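There are two complexes below, and they share subunit A, which is joined by subunit B in the first and by subunit C in the second.
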Partner chain A sequence: MPKDAGDAKLLFQSLNKAYAATPTNLKIIDLYVVFAMATALVQVAYMGVVGSFPFNSFLSSVLSCIGSAVLAVCLRIQVNKDNKEFKDLPPERAFADFVLCNLVLHLVIMNFLG
Partner chain B sequence: AHLNLTSQVFLKLKHESKVEHLFVVPGSARQFKIVLDFLGLVEKFYYLSGTYDLELSVGDASMENSFLRALGQLELDLPEAPEKAPRPPAQAVDPLAKFRPQKEIEHIFRVPEKRPLQEVSLAFTGLTLLPFIGFLIGLMRLGVNLKNFPSLPGPAAFASLFHAGIAAVLLLYVLFWVKLDLFTTLKYLSFLGVFLVFVGHRTLSHLSNTTAKQKTA
Partner chain C sequence: PRPAPRADETLAQIPPPRPPMAAAASTMLESLPAPLLRALRLKTKQQELLLRVSALALIYVLAFAVRLFSVLRYESMIHEFDPYFNYRTTLYLTEHGYSEFWNWFDHESWYPLGRVVGGTLFPGLMVTAALLHRLLRALSLAVHIREVCVLTAPFFAANTTLVAYAFGREIWDSGAGLVAAALIAVCPGYISRSVAGSYDNEGVAIFALLLTFYLFVRAVNTGSLAWSLAAAFGYFYMVSAWGGYVFIINLLPLYVLVLLVTGRYSQRLYVAYNCTYVLGMLLGMQIRFVGFQHVQSGEHMAAMGVFFLLQVFFFLDWVKYMLNDVKLFKSFLRITLTCVISVGTLALGIGTASGYISPWTGRFYSLLDPTYAKDHIPIIASVSEHQPTAWSSFMFDFHILLFLFPAGLYFCFKRLSDATIFIVMYGLTSMYFAGVMVRLILVAAPAVCLISAIAVSATIKNLTTLIRSKSKSPQTTGKTTGSKAAAKGAVDQPLPFQHNVAVALLLGAFYLLSRYAIHCTWVTSEAYSSPSIVLSARGHNGGRVIFDDYREAYYWLRQNTPTDAKIMSWWDYGYQITAMGNRTVIVDNNTWNNTHIATVGRAMSSYEDEAYEIMQSLDVNYVLVVFGGVTGYSSDDINKFLWMVRIGGGVFPVIKEPDYLVNGEYRVDKGASPKMLNCLMYKLCYYRFGELTTEYGKPPGYDRVRGVEIGNKDIKLEYLEEAFTTSNWIVRIYKVKPPKNRS
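Then we have the complex of A and B:
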């Protein structure tokens, strides 16, 4: 129905406008999350095509993507100035945690990759 | 010799495959006689053709000198066994046989799993890099810049070292995947980690100080 389509378009445009107002550093983190998820999808598609023979490799790659995405989301939560809960946490500290957790995650998945 | 009726006289036919058949020889005080009709006994003999050893066994409770005497050998050429013929009973296996050298076992390696074609793998490797390129393009469109990189030589050096340290750790991980084992990796990682903590702390605290100063100024 045209009214519904028009409503959906309006909703989409309003969401877009609100999103454009977010600070750039948060947008960078969002872009990184999208990148990680897209890579995970490519891995799953590959497994769908060729079968899951080295299953640990598949698990390692998918968990690496999802883990990176999760860490990025945590960083975004902690860095977001609108978030009252983390008001006293300096963003550099959050970034340092992000870097450290990423390094540990990548060590584990490199070990599991086989 | 006089034999009592209670005597036990047995005729034993033993095939080369150790299958044995015992026949009681009936008889009177004078004479013990047995007639073996082999054609009728074909089924009892399990249709086994070949050489049979003949043995005569005579014994009794009242005899002093019971004996088992080999009488010779007999070649029997029996007809072929039909489909439904009974099989001869399994002969007792020497219980010590399992301690003697056994048949040699040939090791068969596990058949390796099917791998995909190399073209498919390479195609998907390219596909995996696509999101990363998309990420870089998105970064450029968002206007990512290095303006906050410290301009003073001291902090700049630490910032560069911080980035170099992270790159070194990632390079170590690649080496770990290709060549090293976990222990070597952990050893080098501990060195790099200590270095990175020190350098990172300097860099990030400098950065937070500058942003704090910008906020208050």
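Then we have the complex of A and C:
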């Protein structure tokens, strides 16, 4: 147990140190992802309190949060300069794809919200 | 960003010798004046493009033309049973508009229950045909919607060949793509459900299936969000078109799992699967018939599970990249994995045990356990398309592709990449399911064509390289200096008679392909072009005899019965009666209510007085039966009767199957059981048949299908009277008499 606790502390510290070195634009995307997931959790908690009656509304709102988070993570992957697989992809193209996918996502959400 | 260079691009860098066709063309061009000649002469790359485009254009026209046999032989009409419902709904859509169609409640079928049509169909096919119709109208071509419906399937089959070309090019190279397009244009497994007139969901769904798979593989190869979005839209079209979309939503996660297990996790895969899954799932839930199944049904849980697994993989990958320390990462890995696995199993366990995640429905469960339907759900077991496949069906539907399929698998394994792993998985899973159910040969056809195309293309390419290299080798042997060149020369030592053997093998390959084309055309012409509603046979003098009894009966109903008449018949004919006869039916091919069908089955199997009570409770005015004893037509109601007994007996235990059999044998002659000889179906089919002589030298009342003289010739009907019998006695309609005035 103490070894695990010591390990966890060391882990946490080295993660913190490595994360501080990431560029700012990636940190902004990470913040957006955290915000989206937090909103999803709030919605699930609310559903737990009041019940899931218009189930399509609940699903569309939760999936909107999860979808935005997932698309933002995809954008982060494509924009990250350390990724060898995507070095030929200009960041403007990655952002344009992100905007298009978000547009489709939100159009479908609005149709499904009911 | 371009992925790994394609095989055709690297080949193009080696200057190829002039192909013979270009040589002939250039000699023809030499006769023209000089400046024109210089303008017209094409470079090799342009010649290749011209050849490819013209080949694709011819394949497109071929795919459309080979499906037109029944339109040329009979007339432009809708075939079989299910397409009539699709035609009726498309007609409704074009007449009343989309909003009315989406909210349509049909009171003319399943009397007295009605059917919520808007929420219980897959609208993709109808909307596609209506859009094509509107487009043609906008171009001032005044076409009737029936013509559009009849020709929708061949049109989409031609489009499928283009998608197959693109897919083959993605997996292997453009040569394999061309061969794949040519093979799938005539493959009988696909033609069987997409002839002109077969206006059914599969005609459009196979196009959507192949398109989705192609777009997804392209997304995995490029890692682009745009292609993943396109794949999600392809999936949406598939969900709107056919219930077989469950195959896609299970194959994609299985494919991702195989890639993860073989160590091919990459961030392109993450981007492609996540975007396709989330957007595809959301789009799929817009179809009312599918509803919330993507998050509640057990059949869709694999996709969700793999979605979460990918998040875990990505997270671990990111932490590993951040930490740069192996030992620390290993301990982190241990903790995370135990947490994730326990949470996952707990969630799945609770979900399944509490019933929130519904178990696999009977239709798909019977694919995993083929004996399930026979014991528990007789109505699924009774459909002829759901029977297991015999070897002869495989040979009939695939011909040479059967042995080219393992050859193609060999080539795929030799050059493993993300794309070839996908096509191997698609091929193997679809072949397993094709073995379980005859209808699913259709789903396996594109995979088999693609894999066989790889085998054909790779083999022919090797053979032609051998043939060409023989003309080069006298030059290379003169140039060798250095050990490397000498070693290369030793490896390239030509085998004896290499050139001749290669030419012979090439001719053999062309012979096989030509036999395939001949077989496919013959199969299409003989087996798959019959409309089923119009029967034809060869008369004794060799001429063709046409039996148009079905349409005769339906038009009699349309013109001679009151508009609110209700017709009772077995469920096979329901769609045709509502579409052509325009009357209300009790049960039809949708088979959504087993108890209602069992009620009809019970009525058909009871004595006339019990059946009359049931018919009164259902407000039946007319009863329709199909009888083949005069013509020898074997798909009639007497042959289907035991299924009526089984389905009726499944709900009403008063109907027992052994009552209708004698020593386990099904008979209609003098030795048949008394219940069989007096039940309603027997009486209605054989009424007045005892006086008819059907064959020279046989007694009157000789049933040509069962091959016996019937047992009960003196039939008297008390509660029904004969209304109409068609000219060849195939369809017989009876009127239900109202109750007597005095009891």
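For this structure, a couple of remarks:
The definition used in the following text is that the second predicted complex is superposed on the first by the 110 of 114 C-alpha atoms of A that agree within 3 Å, B and C clash if a C-alpha of one lies under 4 Å from a C-alpha of the other, contacts with A are read in each partner's own complex, and residues count from 1 in each chain.
The criterion applied here is as follows: a residue touches a chain if its C-beta (ideal position, glycine included) is under 8 Å from a C-beta of that chain, and two chains touch if they have at least 3 such contacts.
All values derive from a computational prediction rather than experimental measurement.
In the three-chain model built by superposing on subunit A, subunit B and subunit C fit together without any clash.
In the superposition on chain A, A:42 makes contact with subunit B only, while subunit C stays out of contact range. Of the two partner chains placed by the overlay, only subunit C lies in contact with A:78; subunit B stays clear of it. In the superposed model, A:111 makes contact with both subunit B and subunit C.
Judged by the touch definition given at the top, the superposed model places A:14 against subunit C, while subunit B stays out of reach. Here the vertex is the CA centre of subunit A, and the angle it makes with the centres of subunit B and subunit C is 50 degrees, a multiple of 10.
In the superposition on chain A, A:32 contacts subunit B only, with no contact to subunit C. Once the two structures are superposed, subunit B and subunit C can be ranked by residues of subunit A touched, with C on top.
Between subunit B and subunit C in the chain A overlay, the least Cα distance found is 6 Å.
Residue overlap on subunit A between its contacts with subunit B in one complex and with subunit C in the other: 111. Those residues of subunit A whose C-beta lies close enough to touch subunit B in the complex are 24, 27-28, 31-32, 34-36, 38-39, 42-43, 45-46, 49-51, 53, 90-93, 95-96, 99, 103, 106-107, 110-111, 113.
Interface residues of subunit B facing subunit A in the complex, by the touch rule stated above, are 113-116, 120-121, 124, 127-128, 130-132, 134-135, 138-139, 142-144, 166, 169-170, 173, 176-177, 182, 185, 189, 193, 200-201, 204-205, 207-208.
Subunit C meets subunit A in the complex at residues 1-2, 223-226, 228-229, 232, 266-268, 270-271, 274-275, 278-279, 281-283, 285-286, 292, 295, 314, 319, 321-325, 328, 331-332, 335.
Per the touch definition, subunit A reaches subunit C in the complex via residues 4, 7-8, 10-11, 14-15, 18-19, 55-56, 59-60, 63, 66-67, 70-71, 73-75, 77-78, 82-83, 85-89, 94, 97-98, 100-101, 104-105, 108-109, 111-112.
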